[in-house]
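In the part that follows, the structures are each spelled out as structure tokens.
In what comes next, subunit A is part of two complexes: it sits with subunit B in the first one and with subunit C in the second one.
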Partner chain A sequence: METEELLGLSNITKTFGGVTALEDVSLSVKKGEVLSVVGENGAGKSTLMKIIAGVIQPNKGELLINGERVAFHSAKDAAGKGISIVYQEPNLFSEQTVLENMYMGEEIKSKLGNIAWERMYKEASAALKMVDLSPDILNRHMEELSIGTQQLILIAKGIYKKSQLLILDEPTSILSQAESEKLFELIDQVKAKGVSILYISHRIPEILRISDDIVVLRDGKVTEYLDPKTASEGKIISAMSGREINLNIYRPRNYADKEPLIKVSHLGNKKLFQNISFHVKPGEILGVYGLIGSGRSEVARTIFGELPIEEGQIEFERNHLQHHQMNDAVKKGIYYVPEDRGTQGNFSSHSVKWNLSAVFLPLLSHRFGILNKSKERQVVQENIKKYSIKTHSQESLITSLSGGSQQKVLLTRWLVHQPKLLILDEPTRGIDMRTKTEIHELVLSLAEKGVSVILISSELPEVMRLSDNILVMHKGEKTGLLSRDEMTEEKILRLALGLAS
Partner chain B sequence: MQLLRSRSSLLAILLVIIIVIMSMLNPSFLSINNLLGVTQFGAVLALIAIGQSLVIISGNGGIDLSVGSMVSLSGVFIGLAMSAGLNIWIAAFIGILGGLLLGMINAFVISIVNMPPFIATLGAMYLYGSLALVLTGGNPISGFPQEFSFIGQGLVAGIPSQIILIVIPVFLLICFLVYKTTFGRSIYLIGSNQTAARYANINVKKTRFIVFSLSGLMAGIASIIMTSWLMTARADAGFGMELEAITVAVLGGIHIFGGLGHLGGVMMAVLTITILSSGLQMANVNSIWQLAILGFVLIGAVFLNQFLNKDNSKK
Partner chain C sequence: MFKSYVPKPGRREYFTILLVGVEIIFFSLFADNFLTASNLTQIIQNSAELAIICIGMTLVIIAGGIDLSVGSILGVVAVIVGNAILLGLNPILIVFIAILSGLVLGFVNGAIVAWLRIPAIIVTLATMNIGKALVFMLLGGAWLTGLPPVFNGLTTYKILGLPVVFYIVLFMYAVFYYIFTYRPFGRHVYAVGTNPESAKLAGINHKMIQIATHSILGGLVGIAAVMYIARMGSVEMTVGHDLPLQVIAAVIIGGTAITGGRGSLVGTLAGVFFITIMKNGIVIMGIPSLWENSIIGTLILLSLTFDIVMQKRVEKKKLMTV
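For the complex of A and B:
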């Protein structure tokens, strides 16, 4: 193997608002090697990748390519240096043909400036041959092909672009076994040609198989370099999980001898999730942990009545929920705070007041739906004060607030009603430490008042700090239910990754 | 400068400028009687623009291209009911119900069948328009009783009766509905972010259904004024009015992507456009130029507003 360095990162730091995504990360990719990056959700893998691909810029630190210092201002800059990236959820133009997709925005042009279709077709055929795909599909629409095939096409495109470095983000998560095998063969081939690969995956067996080097990220820092020849599954897991988690904020509660408030049995919905069973008692906090795509949010949305109950059943206060709809859920005191503030939470063109009152408008209306505006002002003011939401006034635009304050608005507006079951989906994603602590404290105090909480989070420390029990999901299935005495970081991670414990 | 940042006050200033210029061209323009008289030409537009504005505010591609055809077809309903020997006021009421029904058909197709508003109302525009032609055989229906002309041509205390008896009360009622009730708030919220509205347990389907029905109701009411004014029911009476309605809605500050804008601004825009076009007519400006000037005012006002607000947001 050559030892010459292709890409070097030194002391890369990136913060978003007050949140540090990467801290002082240094690493090096040699020519023709496969470097795998592993880490939990939120460890900083995707931020790292985006910095290398030029999509975002670091606050501090240097990038070196072939020993030369570079600064990327856009993905195009990085592509110019031979870096290509295949995303986990690729941007596709599903109504365009495969050929058009492969050359989108970088069409080959003839001297006269028109598109040289024949040359593109020829090149693309050669690229597809490398991944054992027939050139016949070039004229088919992207949407007619399976996701796995789409992914292979993009990988072929990345390789054929004469890249020096190919970044693959969880490429096998949507590939079948056979397709994955094809990919691994391909990786070996391009490696032999001197192309380097930065490989991101959650699947430890394949990482051990194809990597030349493994780097472990934890909380935005590089914690360990491992050699795949000597590393084992256990070693990688413990390197990913070896952090200090302060569990002191947890306060034990007396919920165990109560009747469950909600019983979910064998709940399923086509491909989203299957056979999910659990129950939550009044005053209990049930953590739900799983990787993105594990079906966590879909289970929550079913309980909230946003998705229909297709299989199995939900029992709430000893009643079977039938034809369960959102409005029924809200009437029963089941509330859900969705994971994405921007697209599912905020009314971004409106005020803090309007955003807050949106969920309790019926409480503010007299007969005939006439809105009691002075009561609205008063209730909103009480909420702002009670939960110390930092805003200039009620009339300020919601988007003028910090992410943490926006989240507080979206969460605490449900508390104006009396919640019985509160489902929080990623309640602290992307917000500052202080507000995070405040929200954790709030969740605990709600549970102490007898509210049942389902806490969905990608952040293991958060789930472990607050939960009485943790439900772990992997690819739509329940892989474990751990009580507070049983839960260790390593155990939870293994279950979430679908490994035998 | 601060004043110009709100669309309503920008339009008010524009209105004053228009009146000053018009009265220099034609001194009789500035009489109170003339100005009041001119407002009657805006009555139909005012009503359908209110409906159109609510549809646009409700977002998610909200637009109603069928309002012109609904005005025509509702007018035809009135004419047919009158011809069938019904009392003229009952016939007028049938016009209102007819408009509401047509709006509800649109509402059903859009909010229950989930068809994009642009396509659904474009189809409805052709359907309702040709139904009006079929029902009348292309011939205008006349023979309305003389007392019916009071709505479109009469005066109450010197003010055109369609303004004081219909437009102002309807406008106040709609404003009450939109700005004083939870339903009105829902229109703005679903227009701002439909997904967020759903997760906030706001009934998106119901809200959108009512909004499109209201647009039909407004067209139905407008058809009474139109018919009374012409004293005939014509299958092409509302032809092209959907674009005028969209124009004044946008000029009045309704955000084309929904969620923002005030009905007060829309009324100012109707007033501005109405006074401008009748002023141009009195000044004998060729009607070809009138449309160009309308286009210029629309683009100019929106540009000025955006320009000033951009400046504002930087500070």
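For the complex of A and C:
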């Protein structure tokens, strides 16, 4: 059965800096179909959705809606063509009521231009009924509701707006089982009305259940179309993971006979993660892999003392960590290089020197704590040279450096202290290939010197290249711990997606 | 009119109203001559200028901004109004000029904030000081006195025992309650203050909101400048110097979040009365008026602390429901 095309993409290419996020992507969404987009982290799914929703503009290629060429300059343009998007992270006004949130920027107005609260209330009540929510919550402030309810409200809004195309970006990642069921019923209903849906999810069973068609993205390219009637879980996973991974960079190290530096047992924190146990020996690199929301960063932040140890225990150099705080961690030689360079790592309005030396100023001080400026300059210069950080001078603003060089500054500044345990959270996100390799090399050489490394990454190739063992997490739980001999891409993905291996 | 789905003040605002009640009881007990008809009329009359300006400051702060230059705007407009009276212009024209000049000064603040993307606190700190110098220059180092009593009727003429300015305040609060609650513009002010990024995605022009809120504040200060002349009959050298502190204090005590996104006119009006009654009570009790500003400062701190404690509680509640 041939149905009409609603949305067509041809040869869409998008690059950020030097990194290609999408390359020559062409696809087509028919009226009233559910097209699922699957791919590993970083395959380009979110970028693709943002282009369709008008939030970002492609470098090349064109979009067709009902056969007509369109160019979106903003989210509003796309909304005008009947495209609505529900983001993975709910995008809302926490201090306003649910009703206001549903209509912000597109209020229903009376002839005099007043807000027609009553009409909005009636319409919104009907919309909420579709997702089984009581109209009573319309009067409540958004911040009082759980994140799942917030998400359902935004989905209800998207459906009720009489969209032609509804984009759902991992809607079920924060919904409960019952809420998800409700969503699937809804998807069937709106589909019957001729609305098309672009669906992104990591959950293979639900994709098989609701999709009419599945498109696989890998490294920014469309690699395959799969028919959900015939495709199996295994087939989808191998289509997602079918890339070449060069494992040659890995060098075996001799750490096996040593005592563990850190032992984590049954660590848990409310709903963030539960019952996580592992240990890391000196000179070992432990990879931690999981999807967003798997709790992997939260485990790391607990070890670093940013989150409290609520359940279980951490043993470091045979001592139990109690009332563990960040400055204790640093004193003990545990260092954390955070995920988000911009907001958590850099002192963005300062120079390279300032950023580099910030964490070892006490080492550079005279007695009475007065800073030895020439020594500071000297140590900073040594670091810049030793780790080939590309900067005009030590006085250059940190933000004037490339992402890769900024990351090197963040990483190398801890090395002056001779760390015992280094926690790296997404160390190479958004970094070009060459610097990435340099950072990988650096991590390996640190391990060779006996530093323990916990490497958290969304990039499977990176984890596989560097790790001696890989801890896989899914929804806050440990689903596997694989040694170098056991790890295959497919196996890791299955564990991360919560499927039986 | 008071349907459950129409946005309304939160519990925080009722707390301020309660505070005003406690304050009235306190001064009634401890300050002689507080609870007399003439003193209460005096309080209402003294609160008028503050009340009008606070409407605009509430808008500006809810949108995520702040304006330290309100006193200077008041000064400049008062000098203009004073000179217009001396020129013998038509009073209605003078009011029009006052509103317009206030509007223009507010617009300048808003335009710099929005287009040059300089934080409002810095922009208005600068324009505050420029304005102070301008007032000094225009006055030529002496008070502007001997103004014919063109506007005195605003405070002396009474309807049902209350001065005309009281009815002007009432009218302005009604108008702005309508704007806050029933005009998309009013809701968009909240949206920009709560989450500028989401507001952008919802197609709200946040620069327009910043410029408009500062301009409206300026226009309202223009009206207050006319009331100031009506009350004082002259323009003093230090006109408006304490004003920013009092205006911001009234709005914050009234429950408007300094971080933007939350607040209401009901709360602001309660905050205005709280400040005015306190100033009045201090005088009646014979406490040296130099304590006044330090008490207001303390109240700002207490109010902000209270808000942070409440916010922490909400966040804790939220964490439990995730």
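Simple rule for what comes next: the second predicted complex is superposed on the first by the 499 of 501 C-alpha atoms of A that agree within 3 Å, B and C clash if a C-alpha of one lies under 4 Å from a C-alpha of the other, contacts with A are read in each partner's own complex, and residues count from 1 in each chain.
The rule we apply is simple: a contact is a pair of C-beta atoms (placed from the backbone, for glycine too) under 8 Å apart; a residue touches a chain by one contact, two chains touch by 3 or more.
The structure displayed is predicted, hence computed values, not measured ones.
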> Given the superposition on subunit A, are subunit B and subunit C in a clash or a fit?
Replying inline: clash
> Does subunit B (first) or subunit C (second) touch A:F347, or do both, or does neither?
Replying inline: first
> In the superposed arrangement, which partner chain does A:G369 touch: subunit B (first), subunit C (second), both, or neither?
Replying inline: first
>> According to the stated criteria, A:V215 is in contact with first (subunit B), second (subunit C), both, or neither; which is it?
In response: neither
>> Is A:E144 touching anything from subunit B or subunit C once the two structures are fitted on A? First, second, both or neither.
In response: second
>> In the overlaid three-chain picture, which partner chain does A:A447 touch, first (subunit B) or second (subunit C), both, or neither?
In response: neither
>> I'd like to know which partner A:F93 touches here: subunit B for first, subunit C for second, both or neither.
In response: second
> If you stack the two complexes on chain A, which partner ends up touching A:L226: first (subunit B), second (subunit C), both, or neither?
Replying inline: neither
>> Of the two partners subunit B and subunit C, which one touches more residues belonging to subunit A?
In response: C
> Superposition on A: which subunit B stretch among 1-9, 37-45, 289-297 or 307-315 collides with subunit C?
Replying inline: 289-297
> Which of the residues in subunit A end up touching subunit C in this complex?
Replying inline: 55, 74-76, 79, 91-97, 99-100, 104-107, 109, 113-115, 117-118, 120-121, 138-139, 143-147, 270-271
>> If we count contacts the way the header does, which residues on subunit B are in touch with subunit A in the complex?
In response: 180-186, 188-189, 192-193, 195-203, 255, 259-260
>> Under the definition above, what is the set of subunit A residues touching subunit B in their complex?
In response: 306, 326-327, 330, 336, 338, 343-350, 354, 357-359, 361-362, 364-365, 368-371
> What part of subunit C is in contact with subunit A in the complex they form?
Replying inline: 3-7, 181-184, 187-188, 190-191, 194-195, 197-199, 201-204, 257, 261-262, 314, 317-319, 321-322
